[in-house]
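One chain, chain A, appears in both complexes that follow, with chain B as partner in the first and chain C in the second.
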Partner chain A sequence: MMGRGLNIFLGLYVGLIFAFVFAPILFSLVFSLNSQRFPTIPLGEFTLEWYVQIWNDEDVWQAVRNSVIVSSSTAVLATFLGFCTAYSDFRYNFRFKGPYLALILLPPTIPLIIMALAMLAWLSRIGLSGQLWSIILAHSVLTAPFAMALIRLRLHQMDPDLEAAAWNLGGSEWQAMRHVIVPFCAPAIVSALCLTAAISFDEFAVSWFVSGLNKTVPIVILEIVQGNIDPTVNAIGTFVFLTSMTLVILAQVIFIGRQIKSHS
Partner chain B sequence: MNIVNRRLDLYALTWRLPIILWQLVFFVGPVVFMVAMSFFVVRNYRMMEAFEFANWERMLTRGFFWDSYWYTLFVASLSATIAMCVAFPAAWALAFRASESVRRWAIFLLVIPFFTSYLVRTFSWYVILAESGVLNAMLGYIGLGPFRMLNTHFGTIVGYLTLTLPLVVILQTVSMANIDKTLVEAARNLGCKPLATIWRVVLPLSKTGFIVAALFCFILAFGDFVAPFYLGGSQEPTLPILILDTTKSGQQWPRAAVVAIMMMLTLFTIAFTAIALAYRKPKGARA
Partner chain C sequence: MSEPLVTFRNVEKRFDDFVAVRDMSLDIHEGEFLAIMGSSGCGKTTTLRMLAGLEAPTSGEIRIGGRLMNDVKPHERDTPLVWQSLALFPFLTARENVEFGLKMRGMAAAERKRRALDWLERMQIEAFAERNVATLSGGQKQRVALARSLVMEPRMLLLDEPLSALDANLVIRMQGVLTRLQRELGITFVYVTHSQSEAFAMADRVVIMSQGDIAQIGSPKDIYRAPANRFVAEFVGRNNILSGTVGETGGNGLHIDTPQGRFVAHMPETVPAQGAEVSFTVSADLVTLSLTEPEAVNKVQATLISEEFIGSVVTLFFEGADRLEFKVQMQERALLELDLEPGSAVWLSWEAENANILEDN
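== the complex of A and B ==
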């Protein structure tokens, strides 16, 4: 009943889903190397014109520097907050645990445009808006739940007796944390760092509202898209894509390398 | 787990306190202030602290607000439903038919879109779906079209799916892959038909992940202004577009706050219901 026909159909179906997901990314790459201002099929000539344009654009360079600072700071902050909360949830039962968890899990349920408005109003009220770190503050709130979720999922796979065993063998709580919990969570921590950095790197609504004159890459893209059909967007997008993919693959390779070492 | 520890020590506080302090200042603060702001007044393009209901009255008695409200609710629900249905066969295949390494690769690939700009992908769809764009040119070769795809509901939904589909496939796949396979085999061995197995064994066991996926999908679509604006043509403005417009025209932050609060109340109602459903343990199931 569940034979080859079904397998072939499912294979094609998964392929179709991936085609849908990757079509905009691949076409963006193709358009960035295409001479037409409004790309269609048949394609125009091969050109690097759009890359040359952004390479010579000081605004783009400044935006890249800002984005790197914002997303890396956000990742560290959010992963730390997420880890603390995930561990508290895993280890302890306490009063008001519901509200406690709600406090970290609610931000993603609030649309970015609302958070943008609220953050802008509040940060200007307490005199913290219009700075690069205004974005970092806002992004840490938005991304911490994702870090928490990943690390909590990992902790869920851990046998709770493992930590108790460490205590019974004479380790303090801090030692058990350092030698049992953190190593066990390491893959989740690395993924959390990557995921939070990526979300922050791509976030434009809140950044756009609270950053004042400090532009990050998505804000530059938003400004170009609002103007007109401009293929430099594809060039920036491709550049950003390649940069972040390099980082992700690097993180992956370092991580796997370390795992192999620790096993041998 | 479930170690009841009533003694509060330094160790426990180290892990529990950071998030409380941080979220109070940078999450509760902004939200509470926004609620207060909805009662402020704007005079001569300057916002003044006050306690008046003028903004609420002005927004909630207008037809355009409610048109926008119901339309946003409708498209967000529609896109969540479509995303869940479209993702399911792929997630099922990845969870039950694919090998461990294929599944890892598929999830890795599906994470990639998170590392690309949503704006750039939207812009790319804009060019692909245009009247003289790539898709219509391709359809033209086989004698179809051209179809009008931009500035339609179709365009809006394509935009929403671009945002949500990878996430939904990942969440569905992971929650189904974590199911104890022996339970599924047991159901099959006991004579349960494939579709019934999905309905009575697989779905109940992966309920939490599925509800979370649908919820995320709904929330993302409900709050997104890019897809309805660039691909849907914003002829029927969604609530996020209303907030943008209201904020920009004459610095009407308090009125935008009213729209924002209405959106939040709606989302909280839906989210709390969904989470209550997600974590309600089915009778007789293992925790």
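== the complex of A and C ==
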């Protein structure tokens, strides 16, 4: 049958795409466990040496600490902002609502390098550049639209009578928010937290411009690569990749899992 | 009668240019089962939402228990609503749904659990108390929604087409549940529906709305037997409507000259002037059918066009002189004895007291 042949073709096609996307990462993983200094084949022996090196590197530790602080703070701030905007869109009708939403969704469409330059100019003008806070603020602006899109999608699935039902049963607007809106959006909120954290954890351009002396993990990676050929970069890369993937997969599983459940 | 529980005084509700409710004045009494009926967009749901505080009237006054409610927020009222969509909280169990209102009031967990379980038991769904509401059937959800409102022990329960999502058998069952609850609790039910059978089966009084106006208020029997105007006559039941001008007003009733001849109607309270245009209705089930010309004051000759069966009752459609259309409702058993077929010519007759003059055309 034609369907069968098509299925095989599509399967190969998808396989090829995955190979294309993940092969470099796989290589990085393989070489991070390889004793040879240069990434060549044949491989040397299996070793954890590069991991031990970064484990003992105070610079890397400081960068990881910075990255964790920045990405977790960004996640909370961006998700809060995203939730508020999504709710304002769900609840209210007002003039210029179209432009309002378009403006909110704008940041990810701006080239990162331009965004980074603008952030640097602006933050240094108001005396906020060169601190960890600067990165958190900039990343929040950058990632809030993703949080808003996820939460908005969830709110659209909600029966609009639910909130009114909470008022009708004696709940004030704040109580309705706490006991109905937030629990209903919980899966989207958790997903948004994971996703924004992942984006922030990976982000390089903006961090590099506004961070000053506070290096995050991607900045440290660049410095290592700039200096010389050092296999520790493969070890760090693998670590960053696994962290981000875990967060993104978590976000997907939580959001889609709940969606399937509420549709069955 | 004592002070009404709810009064609407000249209430109007506009949405931009659209008038949803126009100059409404209505009393709702303590302990009555009031149905508000009309087709979609007639303002019945807006009326209910104004009672719950979800819409504020544009002008006029709404009082509940004497207190002016125009600007009272929904959560400061005691007007639980059973939603058309049910609006159960999907992330909670049946019991947690029922407890919700008590929790908002700040009741202790043990007490609110006890009360919620009491109500679930009363609604015969205690077995599903700890189940997520999403997993319940339509009828079970309906009962959770009722329990969630009634556990608040309100003076008045609002219901917005609560049975519209259920299948026919279940609707009849739930009608029984609702009327029994209302009698036992003795509280006021305000029930919005587009279904005539639901309204007439359950309500003490029915309000019929049309395009934001109240078309008629009365008991189901009043509305069925004596529709006040053409809208109600056409909306409710199977009414034959005839129009003509008032002839002399004799002692035996009002004489009306129509293209089909002169008919005598029951004398209304306000007698129209001679020569005035009037319409009257004759209920389809109050018409007598005979093969030979009967000894009756009101009679017309007509030809059978078609038949329509609904259970044991059959509706016959007739045509007469001057484009007269006439409907007659009778038991199927009685029809068999007459042995009619399409094209048969018969006499239709009715008593003067069964001809009801419409207040306006």
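Quick note on the criterion: the second predicted complex is superposed on the first by the 232 of 264 C-alpha atoms of A that agree within 3 Å, B and C clash if a C-alpha of one lies under 4 Å from a C-alpha of the other, contacts with A are read in each partner's own complex, and residues count from 1 in each chain.
Convention: a residue touches a chain if its C-beta (ideal position, glycine included) is under 8 Å from a C-beta of that chain, and two chains touch if they have at least 3 such contacts.
Just so it is clear, the model here is predicted, and its values are computed rather than measured.
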{"item": "Side-by-side fit of chain B and chain C on chain A, or clash", "value": "fit"}
{"item": "Chain A residues touched by each partner, larger count belonging to chain B or chain C", "value": "B"}
{"item": "First, second, both or neither for A:L162, with chain B first and chain C second", "value": "second"}
{"item": "Which superposed partner A:Y13 touches (first chain B, second chain C, both, neither)", "value": "first"}
{"item": "Chain B, chain C and vertex chain A (Cα centres) - angle in steps of 10°", "value": "90"}
{"item": "Partner chain(s) touched by A:G170 [first = chain B, second = chain C, both, neither]", "value": "second"}
{"item": "Chain B versus chain C as contact partner of A:F184, first or second or both or neither", "value": "second"}
{"item": "Minimal inter-chain CA distance - chain C and chain B, angstrom", "value": "9"}
{"item": "Where chain A meets both chain C and chain B, residue numbers", "value": "173"}
{"item": "Residue ranges of chain A touching chain B (in the complex, touch as defined)", "value": "1-2, 7, 10-11, 13-14, 17-18, 20-25, 27-28, 31, 38-42, 80-81, 84-85, 87-88, 90-94, 100, 103-104, 106-115, 117-119, 121-123, 125-126, 137-138, 140-141, 144, 160, 173-174, 195, 198-199, 201-202, 204-205, 217-218, 221-222, 225, 229, 233-234, 236-237, 240-241, 244-245, 248, 252"}
{"item": "In the complex with chain C, residue positions of chain A that touch it", "value": "159, 161-162, 164-173, 175, 179-180, 183-184, 186, 262"}
{"item": "Contacting residues of chain B [partner chain A, same complex]", "value": "1-6, 11-12, 14-16, 18-20, 22-24, 26-31, 33-34, 37, 86-87, 89-90, 92-94, 97, 106, 108-125, 127-128, 130, 132-134, 137-138, 161-162, 165-166, 169, 194, 215-216, 219, 222-225, 230, 240, 243-244, 247, 253, 256-257, 260, 263-264, 267-268, 271"}
{"item": "Chain A contact footprint on chain C (complex, rising order)", "value": "52-54, 73-75, 79-81, 83, 85, 87, 89-91, 100-101, 103-105, 134, 148-149, 152"}
